[in-house]
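Shared between the two complexes below is chain A, which has chain B as its partner in the first and chain C in the second.
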Partner chain A sequence: MHSSLVRVQNVFGFFTSVTFVVGALIALSALLFPTEPGSVNIDVTNFRVSKGRVRQYHATKPHELASVNFDLEADLNPLFNWNTKQVFAYVSVSYPGKKFSENEVVIWDRIITSSSKAKLRLKNQTPKYRIHDITGKISARENVTLTFHWNVQPHVGALTWGSAAESEAFVLPAIGEKKPASKPVVKKSS
Partner chain B sequence: MSLLDSLGLSELRRLNVRQQLSQILNFALILATAFMLWKGLSIATDSPSPIVVVLSGSMEPAFQRGDLLFLWNRNLDMNKEGGFGGTQVGEIVVYNTGTAIPIVHRVVRRHKGETTPFNLLTKGDNNNADDIELYPHGQWYLDREKEVIGSVVGYVPFVGYVTIMLSEHPWMKTALLGIMGLLVVLQRE
Partner chain C sequence: MDQIQSVIDGFIDFEGQSLAETLTTAILVLTGIAAFGAGWVLSDLKYTVYVGLSGTVLAFLAVVPPWPIYTRNPLTWVAIAAPPEVVMVDVKKEM
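Let's look at the complex of A and B:
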């Protein structure tokens, strides 16, 4: 009855149950104390639409690509608790359209793995990714907004998402036209 | 009979046929229960594969090889509380475009219309380029309804590594199944 195999089995069984319970407690405690970031501010500083060939799209004609620069100030320090493995911070651009009524495109992201790097202060940041619309046309698009989002990746448990600080709606310029940073064209959404 | 003795399985001889049959029934019951749990979870999450194991490092440091992911496919809007707006950018989806293994990557673009398919573009956090190269030739976007099998909502590290070991060393699978079967048959209760 008390052979070494049985002992090993018992020890392993006990180890897995303890690990499971501790993991479940960590995951639950993180859910019970939800976190919100500090102040978040986002602003469009500059935008431009140009024509270019997109490598992947095997396109015969050039596509329109939009590039939106922005200011961002965010304090993500409060998002780091005992169960935070990383925070994925990202900025998206959303705009309406005729055939595709809802469009959202990520233009910038950053993986933050420690709370010491969680204070974001970006000035006239150039986007990591340019906007390429599914229809190929993006110039003179109205009602465009920028939104800052974050995704908290836990060590164990549920992933959580949040967003804040939508910018004012603006109009993307026509091709080649460059709007000065100080005067973004603001169009109120109806 | 001497073979059984040398293998240390002489106990098998002492069980009568009736006992042996009931042991086999027990084993079948365990298999059926596991299968029912899996299918039940599949119905609850509306996903053909509600739990997946991460196979590549393309989402590091969020997910490493062997991590276990729990999926939800009822097209909830994970970004907004209580919303039903469908998959948003920043969500991590698992998709299958007919390749051998499903891929776990983050949504970076979404284009949705009234009459069009719900188009998504994905990218691995650890990759430099988006996933167009991974889609079938000539396809630029994923179809949310047809190709995505779920969004990641829960995470448990490392637990799935055993399945990677089993699939990379097939003899372990045979050995494990054999040992489990023998243990169940030999249990006397």
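Let's look at the complex of A and C:
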């Protein structure tokens, strides 16, 4: 500590240590906050399968594209604490298949940057992304479910993922058919 | 030129060094606690950053310049004694 230069180095060195400790404490404080959102409801409202071209390199022939509208009610306010930067909320469609047994496709997402925007209330929301299966065929697919997911992105600390509110399984219609043969019974879960 | 050099060097005495070290530790630890508390109470991490950085600037200002408080106990050296008398001895003759 004899000269100015040594004092600069000493103060800066200890500053980095203090910053690291404070950052670690902030990351640990995540344990004190809830990790589950409030009530979440998701319902399928309308769906449709049509033929179209996918603008992707591997797609040379027309694919079957499914479009699933849905209702979503979710209260993500509990996920916002002092260390939350943003929450990535997304809805995915899962369905089984013969060749590829487990498929999951994201059809809608939103980045929520503040707790004032954390109450989601969507009515008959059109999906942002249409579903096309890797085999090219998606019509009349059975056991299709919708799931709501969230990903909390903190300023300091680990990312956390979670999912809730799976809709009841439904059957995708054949091509051109606007509505399924029987309207699917969807369960409201919370 | 010597004056500029001494300002850049900013040498301080031993007591001052001890004080500077204590102040560095105290200011930065308190800053860390205050930063965490401010962010927690106001429920926004940006206050943690603001308090933390301003406390660090304060620590630099308090410790780095050679303030008079760090130079109150200068070392007093023993005065240089008169050089001893030198006796020249011709070694070859004595042998």
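Here is the rule we use: the second predicted complex is superposed on the first by the 173 of 190 C-alpha atoms of A that agree within 3 Å, B and C clash if a C-alpha of one lies under 4 Å from a C-alpha of the other, contacts with A are read in each partner's own complex, and residues count from 1 in each chain.
Convention: a contact is a pair of C-beta atoms (placed from the backbone, for glycine too) under 8 Å apart; a residue touches a chain by one contact, two chains touch by 3 or more.
What you see is a predicted model, and the numbers here were worked out from it, not measured in a lab.
Participant: So, on chain A, is it clash or fit between chain B and chain C?
Facilitator: Because the two structures are overlaid on the shared chain, the partners are seen to fit without clashing.
Participant: Once chain A of both complexes is superposed, is A:4 in touch with chain B (first), chain C (second), both, or neither?
Facilitator: A:4 sits against chain C, while chain B stays out of touch.
Participant: After the superposition on chain A, what is the angle at the C-alpha centre of chain A formed with the C-alpha centres of chain B and chain C, rounded to the nearest 10 degrees?
Facilitator: 40
Participant: Using the touch definition from the top, say if A:114 reaches chain B (first), chain C (second), both or neither.
Facilitator: So A:114 meets neither chain B nor chain C here.
Participant: Give one of first, second, both or neither to describe whether A:92 is in contact with chain B, with chain C, with both, or with none.
Facilitator: After superposition on chain A, A:92 lies in contact with chain B alone.
Participant: Which partner, once the models are overlaid, touches more of chain A's residues, chain C or chain B?
Facilitator: Looking at chain A, the partner in contact with more of its residues is B.
Participant: Tell me the contact category for A:21 with respect to chain B and chain C: first, second, both or neither.
Facilitator: A:21 sits against chain C, while chain B stays out of touch.
Participant: Applying the document's definition of touch, where does A:155 land relative to chain B and chain C: first, second, both, or neither?
Facilitator: Both partners, chain B and chain C.
Participant: A:129 contacts which: chain B (first), chain C (second), both, neither?
Facilitator: First partner only, chain B.
Participant: In the overlaid three-chain picture, find the nearest pair of C-alpha atoms across chain B and chain C and give that distance in Å.
Facilitator: Superposition on chain A places chain B and chain C at a least C-alpha distance of 12 Å.
Participant: Residues of chain A that sit at the chain B interface in one complex and at the chain C interface in the other, please.
Facilitator: Comparing the two interfaces on chain A, one with chain B and one with chain C, the shared residues are 155-156.
Participant: Okay, in this complex, where on chain A does chain C touch?
Facilitator: Result: residues 1-4, 7-8, 10-11, 14-15, 18-19, 21-22, 25-26, 29, 81-83, 155-156 of chain A touch chain C.
Participant: Considering only the defined contacts, which chain A positions touch chain B in the complex?
Facilitator: On the chain A side, the touching residues are 23, 56-58, 85-86, 88, 90, 92, 97, 99-106, 109, 111, 113, 129, 133-134, 149, 151, 153-159, 161-163.
Participant: Show me the residue ranges of chain B that touch chain A in the complex, using the header's touch definition.
Facilitator: Against chain A, the touching part of chain B is residues 61-62, 78-80, 88-92, 106, 108-116, 119, 125, 129-130, 132-133, 138, 140-141, 152-157.
Participant: Looking at the complex, which residues from chain C come into contact with chain A?
Facilitator: Result: residues 8-12, 16-17, 20-21, 24-25, 28-29, 31-32, 35-36, 39-40, 42-45, 48, 52, 56, 59-60, 63-66 of chain C touch chain A.
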